[in-house]
Every structure is written in C-alpha cells, then in structure tokens.
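Before we start, here is the structure in question, set down as structure tokens.
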C-alpha cells in the first residue's frame, strides 16, 4: 500500500495540473522535489502544493535518492535531454505530451528508454478521460460494430506560455500542441494495432502573428479503411472545445469533454467576487466542468501509470505510442506542404489489420443494398445487379 | 500520509459503491473487514474487493482492533442499533442516507453520537458531486445573487432490494429513498443556516403494488422566502434522472448528473457481448456517465469525511444535517395526509435569515418595476405608483 | 382557396406576433383593419405590416364590412367588453390568452359567445408549438403509456407593458400571465377530458416592487391520479425558459422550446451592428430560436383556427378551455391564500376518467413489485405479501 | 394576393415533401397537375394531396395552360431533359438538388435557362432552414467576425430509392446526394462571393455493396483563406445527423437540425400503435423534430422562390449556385482519385475576396501574440520578435 515518491520537472500550468492530481483526494503518492530553472517559481510552486524540496538543478531533482518516478512537465525542446538524464539514473519516467518535436527526436528518446530498460509512460491525458475510457471499452466490446470514422476536435483561443507559439521550441503550432491529443484518441478508437497508412493535412496561420499554424484539419487513413479526422485551432472563441465522435457499422458515439457536460450557469455579473476558471468571461451563459482533473483524464492517467509500474506491466499509453504520434504529425506537416497524401513513416510494431467488412446478403445472386418493409407487409429490396452493378428495386412477398 | 482502516457494515449495492470508491484510484484507505448477515454474501464481497476479513457478527466488525472508522451501509431500520454499537466502541462513524426512518429516531441517533463524542459523518453523496460542489461555491461567491428557488429531481424505475419497498423497514417510499438527497441539495443551495419553515407535499402510489408512495412532489419554504421543490419517482422510464436547477436574482444554474452529461451512444444491438450498466437497455440511444463514483459524489464525499477526521473539523455533511432532513421528510408525510402546509418540527441550531431583497430604484418616488431603452435612445420606465400601487409607464429623456 | 379578412384589436407585442404570423410565408389571410386607442400607434402598426385601414374606434374595427374574423390582442381587462361587441356583430372571434381575469368573467364570456352562436377560438399558442402537437399525438398514440406527471415551466425576466404588472388590470401576476399557458399544456397531455380536481399553490412576490406574485409553483391533481406541476416566474435570468416534461408508465417526453433548441452562438461582442432579439445580451453564449412564430406555435394555431372555421368544426383550443384555465387559476389563488388544496370550481363538460392502473403480475398470489434477471439466468422477484403487504424477495428458476 | 399554380414532376419522397409544404398551413399556392411515369403512383399521389389532374406525359404536365411554375422533383439524370422542356415552354422552373450529375451538365442547364430567359430557382432546402437563415444573417451582421472555418455534416443510413445508389443515374454517391447540401451551406457562411479555389477529398465505399462512395470527407479552400469541411455518409447509425458549425475570429455558431433540437422522448415500446417517422426505432430514446418541413427549410425555400418570382428578383439560391456546387463536387471526385488538392474549374462570376486579417497590435515594434492580465494587475505580453519571429514574453506595468 506504499505510495510513490516523485520528482516533478517543470512548474508551468501542466506541472500544476499534474501535482494537483498526484496530491488529490486520498492519494498515497507525493511529489518530493520540484525542479524549476527559476528559484522563485520553484519556491512558489513548492509552497502551493506542500512539496518539501525545490532545486534549480535538473540533475539533482532526477537523482534525488528518495525519488522513484520522474515526471517531465517541461517544454517540448527539453524532453530529450531530460529523458536521457532519467535513463542514466535508471528511474521510472513519465513524459508529458507530445513526446518530442518530431519523429526523429521521438525515435531517439524511445531508443534511449528501451536501452536503459526503465519504465516509461506517455502522459496523454485525454485518452484517459473517464468518458473516453468507457467509450473505448464499449467499442472494444462491439457496441458500435467496426469503426469507420473518428473525429477528434480540440480548439481554444491559444496557449499561455510563450514557447508554445515558437515553432522551433515547440516543433510546430496547433498540430503539435493539440493534434497530438487527437491522434492518440483516434488511434484508441480505431485500434492501436490498426496501422496509420497516410495523412492529408490542411494547415494555415489565419489570425495570430506567428510562423506556426494556428488552424489545421487533418485526415489519417488506417489499414482497416477507417478514417481519422482531427481539427485543431488556436483561434476558437467561446472557451475550450473538446469533442470526439465515432461512427461504426452498428452505432455512434459522441463525447463532449468541456463545453456541454451538464453544468450550465447564467450570471448577470451582478454578483461580486466570483471568478470562473478558464472561461472567456464571468458573465452570461457559462459552461464549467465538474472536477477538471478528473474530466481531463489526469486522475485515471496517473492511476494507470503507477498501477502499471507496481504490476510490472506496460501502461495504456507507452513511449512507443508517443513516437507513433510524432510520426503521424510529421506526415501531416509534409502533406500541408506537398498538398497531397503523405505516407506515415514509422517502424511499425503491430501486425496487419483486415479491411472493414459487412456480410452482404443476397437475393437471386444480387447483393441486397437496402431492405424496407412496406405498409402492406411486403418487402422492398434495393439490389445491386451481380453483373452490371446497376441498382434496381423489386417488391417481394417472401 | 497514513490511510484509514475501515469496517464496512453491509454488502448491498451501496456497500459496493462505497468500497469501489474507498479502494479506487491511488487511495491510501482500505476496508479491513466487512460484515454481512450472510456468510456467503460476505465472502463474495470480500473477494470482489480484496478485503482480508469477513464476519457475520456486527459487533466483531465494529470492535475490530485495527479499525478506525465504521461505515454503515445497512438498511434504514438497522441504523440506530448499529450506531449505538459504534458509539459504545468510541470509533468514528459514517452513516449512509437517510440517517433514520423518521426525525424521532434521527434525534436519538444524534444524541447518541454527541454524548459519545465520536466523529460522525452523514454520507449524503449527491451533495458532493463535483458539479454540485462547484455550483455551491459559485452561489456562495455571489455568481447568481440571492437564491429564490431550487428544484432537485431524482427519479428512476425503482430500487433493487426488497426492504426499500417496505414502508416499515424503510420509513416510507420514494420520499425517504430519494427525497433525502433532494432536501440536502436544496439546503446547500439556499444556505444551511436558512431555516426550513414549512412543507407542502403531494404523494401517491400510482403504479407499483406497494403501500409506500412511488411518486411525490414536495415544496419547502425557507425563512429567506426561497422555495425548494423536489420531485421523486420510482416509476420514471429512460434511466436515472438526476437534475438540479437553481434560480437567483442574478443568475441561473442547471445541473444534469446522469442522462445528459456529454456521453451519447447509439447502438443497433448488433455488436455482441456489450453490457451497458444501469441503463434500461443496451440498444438505441444510450447515455452513460464517465466515472460513476466520481459523478455521483462518492469520491469527494469520502475525501471530505477523512480529511475532516484527520483535521479534527466537522465534515460538510453532519449527523445534525441528517436529522434536519428527517424532520423535513416527516413534515412532508404529515402534509401529504393533511393536504395543507405543515411546519417543520426541528431543534434549530442556525440563527435567523433575512428575507431576499433587491434594492428598489425609484423615479419621482415611484418604484421602478422595469426599465427599457427604446430604439431612439429614450428610456421607458414601468413604475408602481407610490400611493395606489397601480402600475403605469412613462418615457423619459433623462 | 379564399383567405380570411381580419380585424386586429390591439397593437402591442402580441398584435405584432399575430400579424407577423397571419401575413407570413405564403398565407392567403390578411389583416384589413387594425384598432388602437392611439392613432399614432395604430398608424405605425399599419405601416409595419401593410394593413390598409386603421381606426381608434373598436366598434368600427369590429363592424368593418369586409371583416370575417376579429382577433382580440387587448389587455385582459378589455376582453369581456370587446367580445360582447363581436358577439353582437355576429362575427368569428379569436381571443388571446388568458380568456379573462377570473372564472366568473370567463364564464360570462363563454355564455355570451355561445348565446350569440358565433365561432370562438382561444389563442393559446404554446399548445400549438410543432413539438407540443407532435408530443400530444405521441401520447395519444400510447407511446409513453398512461401519463402520471406533467411539468410545464415558463419563466422570463418580466413582461414589457405596464398593465401586466397591475393586478387589477391583469387579474393577477405571473400565474395569470404565464401559468395560463402551462395549465393548457398540462391539460393537453393528461387529456382534456381528465377533470382537474383540486389545486395547491405557492406564490410570492420576491423581487419586484409590485402587489402581484412574481413567482409561483402550482400543483393540479386530475381525476386519473395524474399530477400537473407548473412553475412561473418574472425573475428568471438568462432569457426565456420554456420547458415541458411528461412522465408516463411507459415513457418520458422532454420538450425545450427556447433556450436549447439546436442553435448555439458565441459572440465576443467585437462584431459591430448585430442585435439579437429577446436575449438578455448580445455577447457571450447566446441561444436564439429558428423561426420564432413557428416555434412558439403561432403558425399552427392560426391554421387550426381558420381551418376549423372553414370546416365548421371546433378548434383544438376553445373558449370553454379558456374558462377551465381561469377556473384552475382561481383555485390556485385561493390555495396560495388558504395554504391548503382547493377544489377547482368549474362547470365540467367532460365525463369521468379512470384511475391510472398497471396490470399487476402475481407469483403464488403475491403481487410482483419488480423482477430482475440474475447473471446466472435465474429470476429475482421482489414480492408484496398478499396478506401483510410486507415486501420480500425470492430467487426462482421458473 | 393570388397564389401560384404548379406542375409537380415526380412522385418520390421529395415530391411528397414539396407538396406537403406547398399545400401546408394557409398557403395560397396549389399544385394543379402531377406527372409520374407510373399512372398508379401518379393517382395515389394526387389523392394523397388533393391534386386535380395527373398525367404520365411530362410534356403535358409542363405545358398545362393553368401552370405558372414547374417544380422538378425527378432523379438527377432526368433534370437536363425536363429543364429543356420547361425552357421551351417559357415557364418558371424550380429544380431539386443537385442541379445535375456533373458541372458540364449543370453548365448546359444554366445556359438553357439563361438563353430562354425564364425564372430559375435551385431548391437547396437546407440553406433555408430557419436556423440557417438566422445564422447567415448573424454572420453577415458581424456577430462572429471573419469566418475561418465551416463544418457541415449530413449523414444517415442511406436513401430510399434505387436510383440514388446507382452511380450512373445519380452522378455519384453520398457526395452528390448529401454533399451538395453541405457545399451550399458552407458557401452561404463564407460568403457566396468568396471564390472556392481548390478541393481535397477522401471518399470510400466501406459498407454497402455499391460502386459509389458511401462515406466521404471533403475540404474546400476559399479565396479569403477560410476552409470549408464536410462529412457525408450513408452508413450513419442513429437517425439523420444534420449539423453545421461555423468558427469566426469573434465567435462561434453551432446548429443542430435534427437529432438534438429540444424534443427528447423515451418509449418502452409498451404503448401500442405509435409509429415515429424516420427514426431507426420506435423504442428507447427518440429525437423527433417539431415540424419537419419547417425545420428542413422547405417552407422558407418556397416562400423565397415565389416572392422572388412575384417581385422579379433572383431567389437566394439560383441556378448558377447549383452549377458552382456541381463544379466543386467534380473537383472532389478528381481529388479522391488523384489524392491531391484539385482546383475548382468554374466560370466565376464573383469578384475577388480579401484574405481574413486581424489587426496586429504591437509593443516596441514586436507583434503581440497574446495578452493576459496577472492577478497583481500587471500585464503579461507574449510577443513575436520583429526580426527573428521567435516568441518571448514580458511582464509590464503599463
């Protein structure tokens, strides 16, 4: 029943979310030391969350003798360096999303982790929202048949820290920041063993004075024939829009993670002192969520990571998954440039996946396209001619 | 950072929910022993949840030397006896809702707990849903001004265990089973210090072959002038409908805890093997929730209880609150019989509450009922004559 | 294929809505003359809607030789006088809601109309919304079994004209203004032949400086055992909240007529010149409706009225219905004073209605309260003992 | 106030919808003659709608001396021939969507109509839904700033008539059947004068045994930089999913036309005799719409067409618009084959459109990417370096 001792690297917004989760409810895990480049930010963070020690040396934080697990909540361009140090120290490592700025960097990280033989987890929180977990399970259980299409949408008015907006430090713009979530959500729904074949992307910088894209729409074609589609934006107005939709041969799933979750509030603004979090306004109709760290998946994510570590198994989201995500994003950027479908260049560890197929019923040898029962009880059959493929209908008493 | 050791009394549905929560995520608390009248059910429960010991002696479970906290998940008619035993043992006690079958019984329980000086908590989970907690905080922060009206609705097709349906064992029907939740939700929104003055209730047995009511609508009038309204039913079709609405002088809050929370699924029923929980069907449009023990408040409820115990403070929901709830339900049953408003007979510990009031603006001494700006920029004032009270309007350039 | 020629009495908001509807789309009916006390308002109205003639004499408008149908859109206290004049003229008459300020006045109106033998229609638009019409039909078709409970809610921040706020001119406050809609919606769902027996009401003036009630909650008990419940308010914040809910032994219906109908818009307020109608704001999240005169029932209402007139049949909403509504509102006001259920004093023209009943299945003579299938395939029966009424369960292989 | 006399060509589902609308409510227009290839279907249709005459000669129907307006509700492959005949007869012509099977055919139709100088209207109903009309007006009024992205989704389980499924007769599959709606909805939101530059499409036949595509996702790039995105499917489960989303620099619009419009019903299936229309089931949770011909735009569409004809102006949806839609669909099919963006080949009649732009605020010459107010009142500025484009932040007191 012992908990884990954690070193937290980074004191940005994601560090706050992670630590709020790790120290939340009746948790037995605790952050023992926090690293920040800035002594001031480190101290403020430690006070905020009741963390005993703080340091401005990443090495010291990683090698803290009490530490079991290092959580990396640093900007993208610092992941590789930090992970190398954790591998060296031989400790368990959990890295925030995206894993890297591109697939090449991601592949080196994967190799480092696997060579060192350390436990690695990819902190892709949005695959762990309670709704997503339950929906993935429903899909796996056959509730909607074969998945044909997944839409994942993640948009808001733009991130809080400067480095996100800097293409060199982040590796890209809205695709790298938000699309990484969407890709992994899509992969969980179509099946992680379903190979992503190629990618078609539109990306543009429509509003903000930056070099990176602030809007993108991307399609991913999988081996089964299923299509993944994601929309990301740093120019959305109205809050944070996180929605997923899944279509299958036998059903449909719609998930809404933020703006319409059953909490609706109108405030005239006349009541003093109240500040709603993360909403564009404190007046008018507002749509808060219940417990944000639950709804965004942080709680289930860390539970899975630590249970996996305790049990000696792989977590649901692995470092390899993070590498696949980077490979898909690389293809998206290539496609946005070349204006054509681009193959996903990845060392694929899964096997092959069969094409979606529905058993075709036949009538006199012709494939039945559709069948309807008429008011008088007879059946109308829409048939595809076995020879010509032309479509016609008949009415039958059978 | 030590966790709590718990004795669980009862192995029904509520015992499952409680233990799922207590052992959930990375919790440091654990159930050490479970009591059931039936050896078979006790053993199955212990296996299901990894509980080391099981017993058919309530006394043994309560007096287990490792136990800090006794959680009572027994039928209503057994609460008083069990609580007396826990008080005798001098241990912390958490009792499921409702506290008792009526206010007299509840008052004896309250006296027992207070005489013994033990920690007592009232396990009213639905006041602890993350949405409810955040909404209570928003109301307290003034986001919707003074509360004028609260609606709490809790309906489903009826409970699973026989004793619920038996008026003598349960103390009543749908009001006792479901109304107890609604009352406490309403009290949290209008303010717990806001005295419930009187109650008007309609109750009837419309569908099921039982003596207890299977449908009821109840109004509660509070000292501030605010009205609470609750609707309970054991005959609802379509799942479990848990909704709260709050109106205030400056705003509105709508909470939906179950059927419309951002997870919507259609299944043709063609996919094999999938079983959706607690829904009336596994076909057609289905509305699951994310993490049920979070959404229904169990997680935050136990956190508050244990944090209160650790800190030596009172929990948000106390044994006194449970007694107030029973007093209001007693008034509801009296009103359903007498067909008139019935006073709430309770030993009130709160102070007085002022009447809801809005500052009235005046024009030439007449109260302004409404003010509108006309297209040409002039103002139209609807005024209440200071002498006669008759209402008229003027248009003014001021 | 000839249209009707209409005299419109009154140029307030309701006159606008009526005329917008009558002249809307490809309608063949036309308003030929409009009456207003004020020459200026009459002229502006006539220009707005392309009406050829205007007059300040009600008599002249009614007796216009080209007029078939007189539509009364006047304040409540003027209905009786106007209707008497129309009856005298022997023309068809359509009167806005509520029919009168109280049942006595309504009864006199009913007698006047019936003695004169003229066609009379009660312009209760909200019973005619396309959603309501379809839902009434679904209920009549058995889609939700026997109706057990209806909730109708109509709330907004208060009316635009002074006379609404004046108890003497209007006959009351929010109950008379809004409750009249709710009552008729409820009656259509429980069945118009289902006699309203008695009424329980809470009413209070919580916010506005007026003598009339600005908030009320009212219960209506029908002969079948079904309960109607309505909530009205002139202090709601956030727009206009029009919702109905119907529970039946076999199903549930939820209707939302205004704030959540599938049109959701966020505006930063940065775009110039746009004015959203009837919303509290033009910024933040806004919830317009599509075509307001359709969604609020005006279109189907006038179609039914004119088709009924053409066909020589009664419209769906009759003058008698208007009288029943007033009788129920009278009982509500009496109950708000007496604080007990008050009988509905009405000359009932319907017959008796049987009590809601579900066939009770039995096992060994005991009534089956509930039946569940266990995972091992056996059935669990919750039974009500045929002698004692106590409830117990058994598990059976049958 | 005279109505129009109409010849209806075709007696399929669309003919029913059109005639239901034309004869609906208090309309002054009437269908005088209906043409069907089949005498039996023609007679049944005429009886259903009270149409005086029926014929199996298209020529006779068109040249009926009483007819003002010919409405074409025929399969796609018959449009050109029928329109040529109407042009010859010199009558007003309204043609169902899509205008033609491809842009070449559409261009010939456009030329025919313009040479003959007859009135032509393109019956694109979904641009005329009351919600869409109001939203287009809101966008035009600046409520959401510059449009950056539009999503239009139209999916259901597949059409009822055989010819839809036949690529040769229809001109394609789900893109031609459903995408034509989406394209015109998108064009109305981004502005009809905003030139569609190129198109990227994915299309596949995933489920049905046909040659045409049953699923597609298509992107359209406009001259302003705005992107249109549509999703069409004949394999959707759960009813008919019609949703549009619009993002702008100052706001957001979400429209839902069918499955979530404020009418929600659960039916156990226990009530006899009830048949819900167009839903996959009559049990479980069902989501009807209010008045289908209103909600789907038919009413406002025909009003606009006839008002335009009466007034001698162009309708909102013209034959030229129908041709543009075909040109965009042609590009989509080319792209689905070539797997790259394909230019839209169209004779463009609009002018140029400026690129979306937001004024960039500056600080010390650096562009301000984002500005936030810190808790201590100071401002945090995220800036893009004027020389290097790298992004950094500063905190300022100014």
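Side notes on the structure shown:
For clarity, chains are labelled A, B, C and D in written order, and residue numbers in each chain start from 1.
Going forward, a residue touches a chain if its C-beta (ideal position, glycine included) is under 8 Å from a C-beta of that chain, and two chains touch if they have at least 3 such contacts.
Not measured: the values here are computed from a predicted model.
Removal of chain B in thought leaves the touching network of the remaining chains intact as one piece. Counting C-beta pairs in contact across A-C and across B-C shows that the higher total falls to B-C. Distance between chain C and chain D, defined via averaged C-alpha coordinates, is recorded as 35 Å.
Chain C has its Cα centroid 48 Å from the Cα centroid of chain A. With centres defined as mean CA coordinates, chain C is found 33 Å away from chain B. Listed for chain D are residues 144, 237-238, 248-252, 266-268, each touching two or more other chains.
Chain D contributes residues 1, 3, 25-30, 129-131, 134-135, 138, 141-145, 248-257, 260-276, 282, 288-291, 294-295, 299-300, 302-303, 306 to its touches with chain C in the complex.
Chain B meets chain D in the complex at residues 237-239, 266-268, 280-281, 283-287.
Within the complex, the chain B residues that touch chain C are 144, 148-149, 151, 155, 158, 160-163, 165-166, 168-169, 200, 202, 204, 206-211, 215, 217, 219, 221, 225, 227, 229, 231, 233, 235-238, 241, 247-252, 338-341, 356, 358, 360, 367-370, 372, 382-384, 389-393.
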